[in-house]
Amino acid sequence: MADLNVAGLAKKFGGIVALDGVSLTVKAGEIVGLIGPNGAGKTTVFNCISRFYTPEEGEIKFGGVDVLRLAPDALTSAGIGRTFQHAELFKTMTVEDNILIGLHNRAGRMNPLAYFVSIFTGVEDRTHRDAVNEIIDFLDLGEVRKAPAGSLPFGLQKRVDVARALVAAPSLVLLDEPAAGLTQGELEDLADLIRRIRDDLGVTVLLVEHHMNLVMGVSDRVVVLDFGKKISEGTPEHVQNDPAVVEAYLGGPLDAED
Amino acid sequence: MLKIEGIEASYGPVKALHGVTIEVPEGGVVTLLGPNGAGKSTILRVVSGLLRPTAGRVEFDGRRIDRRSAEAIVTMGISHVPEGRQLFDEMTVHENLMLGAYTRHDSDGIRSDIKRLNGYFPILEERREQPAGSLSGGEQQQLAVARGLMSRPRLLLLDEPSLGLAPLVSRDIFRILRQVNREEGITILLVEQDATSALSFAEYGYVVETGRIVIEDASDKLKEDENVRRAYLGY
Amino acid sequence: MEMSIWLFFGLLVACSVGVRLQPLGSVVQRAIAAAVLAVGFLVCLVLGVGFVTELFGVLLAAVVANLLTADYVPQRYRIALAVAVAVVFFLAAPWLLENFRLFQFSRVAVWVIVAVGLNILTGYNGQISLGHGAFVLIGAYTSAILMDDQSQLGFVDGAAWPFWTTIIAAAVVSGVAGFALGFPALRLSGPYLAIATLALAISMPAILRKYDGLTGGAQGLFVKRPPPPPGLGDVLERDEWLYLLCVGVAIVMMLIAWGILRGPLGRAFVAVRDSEVAAAAMGINVARVKIAAFTISALYAGVAGALLTQLLGVMTPESVDIVTSINFLTAIVIGGLASLLGAVIGAFALVLLPSDGPDILGEIPLFPDNFVQKAPGAIQGALVILVVLLMPFGVAGSYHRLIATPAGRIIDGVKGIPAGLRSRLGQVREDVLWAWEDSPFNRRSSESDSGEEADP
Amino acid sequence: MIEVFLAPAPWNDPELFGEQVISGLATGSIYALLALGIVLIYRSTDVVNFAQGEMAMFVTFPMWSLTLAGFPPWTVIFIGIALGFALGGFIERTIIRPVEDKPPLSVVVVTLGLFVFLNSIATWIWAQGELPKVFSTPFEFNSVDVGVARVTTHSIGILVAALAIMGVLYLLFNYTKLGLGMRATAHNPGASRLMGINVGRMLMLGWALAGAVGGLVGMLVAPITFLFPSFMLAVLLYAFAAAVFGGLDSPPGAIVGGFFVGVAENLFGTYTPSDILGPEMKLPLTLLLLVIVLLFRPAGLFGHVRTRRV
């Protein structure tokens, strides 16, 4: 287990400052929520950590590893998994194969002959089946395991996305707006699921989310961004009562002139 | 003026609206509140003809519009300022405004309208020949609203006009919108995440969750509502 | 002889369709279908409509095969049966087919290898290539140069290379070419990649013509077509041996492709095609996977090229022209992208459509007499467009979908057609009514509109 | 080395150089026009039209029949442009519209199918008699001196026609409401619908214009290459190179690309040693140059790389 340390992150797009010296820490075993109004820079932070963006300044450390030196595809090996706001499943593949892809780095380097023997005898399938079955049970995806992922309703797709991120047993998982597009019922399960990811699987969670109720309900700590800056950090209670947060979200009274 | 009755709509296999009923009175300002992905924008898309509902009906001035083309609906007097502004980034401010008036054929009227809108949005006059993409966020939003007004609509559909704007800037936008509503008598249906601004701007509000209307009431009442406060006002 | 081909095809299709004819519903329904087809078959037999008779025959065989095996024979065995019939047919073909058919089928086998390779790249990995002809030519010329005893390169210890070693050499050289091309391809997307690969296919013949010291220029290179191996010379003629060679290599190459596609690398191909971002987040090195696809794909084309050299005995820059190169892509789209079966169907279409298409259509009195003879491309082009419009997943895709769809849904779908049509008509009617309401002739609407138009 | 390299043409001959550049510009204007057609279609519908050259051919053949029937050359040219316009619009409406929302590969294959179809039908209808056929030009083939070089009046005619067409299109796109609507549709079809623009009609118009320009190109090229069913293929390849070079979504890029490819092709043919490169290798060399350009500018010189957000 390791802590995630983000320090002094700065990122510009063209002339627009998306991040301006953002620092935050996620300790091993924590659930941390990252919130902020639209355009505050949450997703940019997220994409910097998952290495789709490279910040101009700042550093990201996970345990002893300098995350900024890693390529996006080296992140799973470093023990960091991520999900996507729009699930981004491999739509033509079955649920099972989607999850198997999560184990890609464990496929290992076999010599071609051994590889073919393992495929034609079905050994290749069996090797990873336990891990896949375990995660399918954990997320209750048994009924749809053979279905093409693209044919599932959106809520289930997001669950497959979570399964894909968890199957390689990461020590930190980044959840990108897991509540977006879910139905009310699914939302209630989601809070429970996030807690179980931490408690049962022992995975640290960094959560970028819009949905206040969810974040305030599950997070140990909440970090609030606005206009690329961190404006508040602390327990959900603390953050909710922080005047800076209220101002950012609500924009203050409107009818000054009326 | 606008009557939405029990509309349902889906994107591919995903059902986005499960029977939504809304009414917007002539000259009024009505807002739709709710979390991301609740279906607010979808409602606007159905009204402006970008998306065909699978059930229900939409009436504008007593005429059914739910299966008309987007062009026909613009011509009838509904203008949709979409989420994320959707400007023609590489075209100039002036060209964007001209596109807003695409369905009109009275060039004198268009000219005088641009002049009139410059009164509301002086910055657009200054930036007239700049590409829309080079404007700041607030200026872009002003342009999007101005472009929406160029078709001389009687009903304006606004999707998150404060998105990504600093509180001061978005307050400015709302001030202009209020003026437009009062001085030109344009009816407004507003989708907003920022519930406080929306409720102090609109007279009546609907709360949308997972494709359904869960609460509706006058704005003052909604502000007092315990559930709305907790879910959308954050305190 | 002609009839026998169709009959064997019939059996083949029958067995594989017999694998699972779920949509036809219950045994009773299938029996009714068989009876209807039998009547149609007899009627056509009496009327003497050649092609249509055969078509009915094949369908009849399929339904009967299914009736006989359904619910008794497990899926696994039925697939095994279909494959066994196919293998027996292809191995027995030298004694069943005329020489020109045998030659055609050898070509089919060669094109199957190209199509499988191209399908790995385009179908499974999502990178468009219009230039696979170039890789075929590279393989073909590698083989031809090494077998040419005039060429300096070809001599090893005073003798040309044996043909089978040149197949391996062709695979390696083409694979390296594909590897090298994979890098620029990383930077190009969709249409840009299509045009860049097209450029490659166009340039290759010009390059081969130009450097005639090695390639023999426009005349090309002649090679000695390999005779049957000692011991088989009594039972097999040269053409028959070459046919078996091509089919054998094609089967091996298909097995290898099946293995690759089933394993982690195959999953990575599809993952990268479906979403590069998500693939990277799952730990897949996107660049490496895309280059691997290009390399493997070119390697397949190289093997096919080497076989083509053996088959033709001569290799010229025009042996694989730009049209053939483009046809590879249309073949896999018609056959079905991301499907090995699709590659086989596409290869058959590539060879048989131009040769037999006109004859088959010639039996339909609809077309003017010389049309099908003089404009075979018109039929081919129209067919390509129709397949894309009607079967967006190709023939194989439609077949997979058909056997995977429960009977009820297809029946609902068919029943739904009149309803859909009705609602479409209803909509047209409403549109007309609205148009009337909006029109200036309609007093009521024009009044209200003009009221709004007035300047405030 | 024992062999003696054949020296490439000398650089210090200004007359030769000027001639090569000017004739390069003349052929380049043809490439530019056809590339413009490709770009018009790509911008408005996201389709790379592999049948662009065959559409031109399909217009040129009936126009050849008209010249035989005694129509004056200029009349034929204008009828040809109108026919190309109708053909382009018709093709969009009937076979492109249904695949518009299908994967890009399907669309590519449809235009390839169209290519084969048109080519074959033309062979059937018009290629029965003697081939290639002679197509007359309204510009005549006289030689004139242009500064240091001699060129034909036909080349000058092509150049003038190309510049005229580009001018007309420039005016259409920048100074008319229709052009405004077409540009808006190309940039953002969704928002264009909200403006009340009939997007479908704009797409059809894009194809129609491309067909008209293509038809004109066919009639300008035919007098040089003579007329046979595949006479546009070589031109199409260079036009693709030109369109990609400038960027598939940039009309000015297509024009610059056309002239560039035309001149580059001539210079490659003249100034490379003919025993290892030379005239036969000018197409591969031009295409190689194109691929090199793409490596540094993956969407051409003036094109825009599209990015996707997660």
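We just call them A, B, C and D in the order they show up, numbering each chain from 1.
Rule of thumb we're sticking to: a contact is a pair of C-beta atoms (placed from the backbone, for glycine too) under 8 Å apart; a residue touches a chain by one contact, two chains touch by 3 or more.
All figures in this text were calculated on a predicted structure; none of them were measured in a lab.
Chains C-D form the pair joined by the most contacting C-beta pairs.
Relative to the centroid of all protein Cα atoms, the closest per-chain Cα centroid is that of C. The geometric centre of subunit B is 50 Å away from that of subunit C, both derived from CA atoms.
Centroids built from CA atoms put subunit C at 41 Å from subunit A. Centre-to-centre spacing of subunit C and subunit D amounts to 31 Å, using the average Cα coordinate of each chain. Each chain gets a centre from the mean of its Cα atoms; for subunit B and subunit D, those two points are 44 Å apart. Of all residues in subunit B, those touching 2 or more other chains are 75, listed in ascending order.
Multi-chain contact residues, meaning those touching two or more other chains, occur in subunit C at positions 277.
Residue positions 310 of subunit D are each in touch with at least two other chains.
Interface residues of subunit D, counted against subunit C in their complex, comprise 42, 48, 95, 98-99, 102-106, 108-110, 112-121, 123-124, 237, 240-241, 244, 248, 277-278, 280-281, 283-284, 287-288, 290-291, 294-295, 298-300, 306, 308, 310. Interface residues of subunit B, counted against subunit A in their complex, comprise 13-14, 35-37, 137, 160, 162-167, 170-171, 174-175, 193-197, 200-201, 209-210, 230-235. The touching residues of subunit A, when paired with subunit C in their complex, are 50, 52, 71-77, 81-82, 84, 88-93, 97, 100-102, 104-105, 107, 115-116, 118-120, 124, 164-165, 168.
On subunit D, the positions that touch subunit B within their shared complex are 177, 180-181, 183-184, 187-188, 190-198. Residues of subunit C touching subunit A in their complex: 256, 259, 262-264, 267-268, 270-271, 274-275, 277-286, 338.
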